[in-house]
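Two complexes come next, and they have one chain in common, chain A, joined by chain B in the first and chain C in the second.
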Partner chain A sequence: MNKLCNATALALIACAGIAHGETELRLWYHGAGSANAEEKLVNQLVVDFNASQSDYKVVLETFPQLAYNDAVGAAALAGELPDILDVDGPIMPNWAWAGYMQPLGIDEAALEGFLPGAIGRWNGKVYSVGLWDAAVAMTARRSVLEANDIRIPTLAEPWTRVEFDAALATLKATGDYDYPLDLGMAWKGEWYPYAFSPFLQSFGGDIVDRAAYQTAEETLNGDAAIAFGEWWQDLFAKGLVPGTSQDAADRETGFLEGKYALSWNGNWAAMPVVERFGDDALFLPAPDFGNGSVIGGASWQFGISASSAHPDGAREFIEFAIQPKYLAAFSDGTGLIPPTVEAAAETANYKAGGALEVFYGLSEAQAKLRPVTPGYIVQAKVFEKALADIANGADVADTLDAAVDEINEDIQSNQGYGHN
Partner chain B sequence: MPAVKTDNRGLRLVSRYAALSLVAVVFIFPLLFMVMSSLKPSAQLLLDTKSLRAFLPVGDLSLANYSDAFARAPIGVFVFNSVLVTGVTVLLCLFVCSLAAFAFVFIEWSGKAVVFSILLATLIIPYETIFIPLLLMASQLPWIGGDGFELGWLNTYRVQIVPFIADALSIFLFVQFFKDLPKELIEASRVEGASWWTIYRRVVMPLSGPVIATAAILKFLFMYNQYLWPLMVVQDESIRPVMVGLGYFTDQLNVPWGEVMAYLTIITVPVLGFYLSLQRVFISSVASTGVKG
Partner chain C sequence: MSSKLTRANRAGWLMAFPGVALMTVFIIVPFFLAFAFSLTNQRLASPYATEYVGLKNYTDLLGLAVFTLEPERDDRGAIRRDEAGEIEYPRLRKFTRNNPDYPHLQGKREWFSWQSGDRRTVVLASDVVFMRALVNTLTFVLVVAPVQAGLALGLALLINQKLRGINVFRTIYFMPVVVSIVVVSLLWQFIYSPGDGLLNNVLGWLSFGTFRGVDWLGNPDTALPSIMAMSIWQGVGFHMVIWLAGLQNISPTLYEAGEIEGASKWQTFRFITWPGLRNTAVLILIVITMQAFALFAQIDVMTNGGPLDSTQVLVFQAVERGYGKQDISGGSTISVILFVIVLTISLIQRFLTRER
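Showing the complex of A and B:
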């Protein structure tokens, strides 16, 4: 009888345990080994969320960025996707289209006031949201520009193409620099479409026609794109920028060491410039080549996998993560841009008068998402190759025509990528 | 005249050593570059690549890259996992493949030639082409373990080991070697009533040191260098191998080259150790069978 009572008691305890047990949610994060504050902050976020409620327990699994996208593809194939996914903004439409992700389903009022680059939309639905954004600026020194009678541009009045070209020529003529401008050609991959497609867009072209995302004809090889290509090639032909074989060390420290007068670089590289040059440091908007001053937007974001059995829990975690205090903590820890004004006010660098406040303005006013299409992952690689080829002297029109053909063939072979 | 003869011999010796030294230098320089670079800051490392300084212990030398590398990634865990997965796979491979080869060479059974031909044909299929179906299969395979019955092998050591135990190349190496063993030994053992297992264990394997070393080294290198398969099937950091761990040292834009070189130096140690421990047997095997590693 005693044994029966004990067994019954154990069964009841077990049932109670199940009823009140936490549901486990797996979260995949791309930054293993990033050796900065980001991974620690994600860890802290998970710890805080787990302590804040008793229904769900988020388990963090980290991956090296190099392998992350492949690991997600393999897991999707094997039906092993986690509940919460970390996804790079421009990649998100591909994952949504491929069925890896489901719409976020959170109240859009919660995203009001977010920088556009921090929200991932596909086919009219929000699939992901970022805890930060990034922005690129023309890094310069006030003393250098003033000494050479070069106007200091503003958000309202950026350099025109004529002004920018003249500034480069003036700076080259001084003979004080290895090159007047550093574009960061030592960086490869996503840097090309992220940093350089805004120049093309400012000329009036684009990587693909965004009206329906079904062709790159005219946008990538029309008159505007060819004008951009010729300008781009001239930068290298005239020795205004380092070529594709730029030394990575020069990219890191060339501007600080005075090898370059200007540097096209991201906000993540801004603090060393501020520390080195203080008030002399300037972060200027992109030149306006005729169709507005444009920079790239969107960084890593959180979304919910299509196979998650607990989307409510995943949603609860993401809503927890986008509280201003976490957005501010990520910004303070990583130097990246907080996605809301409210969070920016809580940060050291992006609050009013902060050393990097200008980047928030740049992101808010000029950020343009990379093409929001599943085909972007192919288009980005085609664009990168075309720009590298042109920089190395390839015929502009032929190269862009070939790029258009490759992009169009990819779109056709994927039946238009499901654009509604 | 004898003096002239001696001079020629000396000249030939010098020439031979000069040529061999040149070849040795070609092979040693990448390793030297890796080790020297692991001691330099990234900026200096990149600057030094433009000159012979890249191969010399000059400039600002320290072990900082090693401490940074250990801070960035659980290197000890990765090395342990790789050594474990590789070691177990190599041992099981040697056992299974030598048994298979034994059956192909010494035991008569119908269809042997056809099966061996099919086996050899699999050599031309790159592993990468079967990874997707293999992944789907591995995600559905049953297993009975500590948690009872479960489906799916992903995120385990066994999924990194089992698919690679048997391979056609190792069987082929064993078959070629077994064919050259004196048949009389086997026949005499059979006449004396020895079982196939006894012959395999007591006669054949003790004579097969060179081919065991060759197969072990080739399998070791293949397994230790695995990247794509563990990337696809392992999500848990605690069972990740060294090659996937290399990804910890790159991000979207920057590569800390000094740390990369430190990491590569660390993970090269087990490979060099394994190779050096089997070097003599491996060389004698290459010399006797003409197999190239």
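Showing the complex of A and C:
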């Protein structure tokens, strides 16, 4: 039955191809039903590309984000991958390693000046490029910090650990807030490694040893990691942040309603804060716990599937998409960070003096990619569970040991994940 | 060579075909695949060929060890105690991590421990999360099966009366069953919300403000009972209907006879209703047990197995490993173990409730 459908579909595609002299390219996108203008913008991009030349015709299929990765996995098993894939940055090495994707083959000069988080490399080759990046900042209010004599940190001089801990204690002592800080514990899944592994990195640890990506021993359970774990556990034990059972609604609106004094949140949530507090809103860099202040980098990117029969056409489409005008349009429509300075200058929020300009600086100065390895999918899950368990009072060293064992076993059972 | 079974029942086989075919494709074949995968290192996505690994997946899940910790002693041989007067023991990780003297403890973690005299005996497991999932699943079944069956019977007796508007009650009790379990889980997450959630508010109001808010899903002691309560609430209507069908199958003449004999309400239930429900009871017990073992959606939506593994269950772990962590062989192994457990329990139930 399925074969029959495919045959029919192929015949239709062939007919269409003959009729218009165009080669059909399939594009899969994760943003079906997205709240902002993302889906509309991708549609516009496809229409513009199809109108701009006559060799290729891109056909867009969108998926809900939660089902997208599963759909790609299933399509790969069935040999039905589209020509152009959209892929989340940290997942890309897994797909490249598993043979879902091929190197992009775009002239690297075209990617000059892109934020590092917008380019996906695996084993020395570029596999994907993003039309935007995202950044996380400590959302705060100037009036609150000034009223409590807390120094306003800058990119050059972020809060130190001592200052940050003292600021949390001061804010808690005011009694004005349910909690001084909201970390977003309600957002399960990728948020944990994306938002919290930078704290661990600033302490001097990491999820996995990036020298060869073959072990997490000493990196995730060494002294620096244990110091991080104890600090992390203290946040919850002292009642400075809401725990893993945080209400999702509080995460969305708690800061705006004044339940929390600080909120560790992404730039995609920044516009409501600016609308609510105007000039009083501050987006501050991550605290420096000893090894510089770090935030996570990389968002969704475009790449070419390994099975594409027309990689040239796919490449042409991606080159078309990374023109500054589209980068700027996506940023204006979604609030995300444009990946180049040129594009930033054309946007409403990220041009000099724009409301979110600060995020471009954060992304440029502090963004660190999540571990660039096919094993990241597993490592992210292990890390998430370890942080949730430590937050709920599990023994720090034992929990991190268990996480290391699980990560190492996974690397071994995947024969080292093909790093070279 | 065709036997009587195939020859005489051609129409019957034809009618059974769609069902049998679907069950073969979606239940029987996947089961044998799971069994085969559990003996390999099959991954969800990998450029490498699958290899046969024997029973490694099973030993990785089921490995256990017992270890006795001697107390720490100072130079004079006296037992060290911490500020609270508790005996100090060496950390387990000294023995379980890269210690060549204890190869059988490598990579194992503490599951539980107890104290006897000065010593502390620790039971270590290769996969503590799996062990906790196993215990939680069995606890869930042991609580949910009798409570849900009992409540359903109570409700069925209540609505098995000829009263005006009884259908309204039947509908209300049955309503949770037709709502998707995912939606129910999301709603109950709001009910259980910490601080000023619905349940905390109601309890606070009923106790004139003396009740202190409980973090229902965030506390390891209350998380699993909370999920049990909402699961029972959601499933009870379905089994109520089955009980009701059983009740309505009992001949009214038996009740009339009982009434003439002057039987009390309890005697009527004990000697007419309950024996009449025998087959229904067997069915309900087996169905609830199997459904309870399959607990997944509530965990996936509400707790993800946390806090501190207090709501880990087998099916959730199978999915988490198979798809989340791309370890199809690990997930398959859990499925096979779950199958063996459910099969064993069903056989025991059949044996205990057999016609004598």
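The working rule: the second predicted complex is superposed on the first by the 399 of 420 C-alpha atoms of A that agree within 3 Å, B and C clash if a C-alpha of one lies under 4 Å from a C-alpha of the other, contacts with A are read in each partner's own complex, and residues count from 1 in each chain.
As a convention for this text, contacts are C-beta pairs under 8 Å (C-beta built on N, C-alpha and C of every residue); 3 or more make two chains touch, one makes a residue touch a chain.
As the structure is a prediction and not an experimental result, all values here were calculated from the model.
Engineer: Let's test your reading of the overlay: on chain A, do chain B and chain C clash or fit side by side?
Structural biologist: In the superposition, chain B runs into chain C.
Engineer: For A:D389, using the defined touch cut-off, is the partner it touches chain B, chain C, both, or neither? Pick first, second, both or neither.
Structural biologist: second
Engineer: If we overlay the two complexes on their shared chain A, which of chain B and chain C does A:W187 touch? Say first, second, both or neither.
Structural biologist: It touches chain B, and chain C stays clear.
Engineer: For A:N94 in the superposed arrangement: first (chain B), second (chain C), both or neither?
Structural biologist: second
Engineer: On the A-aligned overlay, A:A32 touches which partner chain: chain B = first, chain C = second, or both, or neither?
Structural biologist: After superposition on chain A, A:A32 lies in contact with chain B alone.
Engineer: Name the contact category of A:A345: first (chain B only), second (chain C only), both, or neither.
Structural biologist: neither
Engineer: Contact-wise, after the overlay, does A:T244 reach chain B, chain C, both or neither (first, second, both, neither)?
Structural biologist: A:T244 contacts chain C only, not chain B.
Engineer: Check the residue A:V126 against both partner chains and state whether it touches chain B (first), chain C (second), both, or neither.
Structural biologist: So A:V126 meets neither chain B nor chain C here.
Engineer: Once chain A of both complexes is superposed, is A:N414 in touch with chain B (first), chain C (second), both, or neither?
Structural biologist: Second partner only.
Engineer: With the two structures laid over each other on chain A, which partner does A:D70 touch: chain B (first), chain C (second), both, or neither?
Structural biologist: both
Engineer: Running through the overlay: 8-16, 62-70, 98-106 or 260-268 are the candidate stretches of chain C; which one clashes with chain B?
Structural biologist: 8-16
Engineer: So which positions on chain A get touched by both chain B and chain C?
Structural biologist: The overlap between the chain B and chain C interfaces on chain A comprises residues 70, 247.
Engineer: Sort out for me which residues of chain A touch chain B in the complex.
Structural biologist: 28, 31-35, 61-67, 70-71, 74-75, 77-80, 82, 187, 189-191, 247-249, 252-253
Engineer: Can you tell me which positions in chain B touch chain A when the two form their complex?
Structural biologist: 42-43, 46-47, 68, 71-73, 132, 135-136, 138-139, 152, 154-155, 228, 231-233, 235-237, 244-257
Engineer: Which residues of chain A touch chain C in their complex?
Structural biologist: 70, 73, 76, 94-95, 97-100, 178, 188, 243-247, 377-378, 381, 385, 388-389, 392-394, 397-398, 401-402, 405, 409-410, 413-415, 418
Engineer: Which chain C residues qualify as touching chain A in the complex?
Structural biologist: 41, 43-48, 91-93, 96-97, 107, 109-110, 128, 190, 193-195, 197, 215-218, 220, 304-309, 320, 323-327
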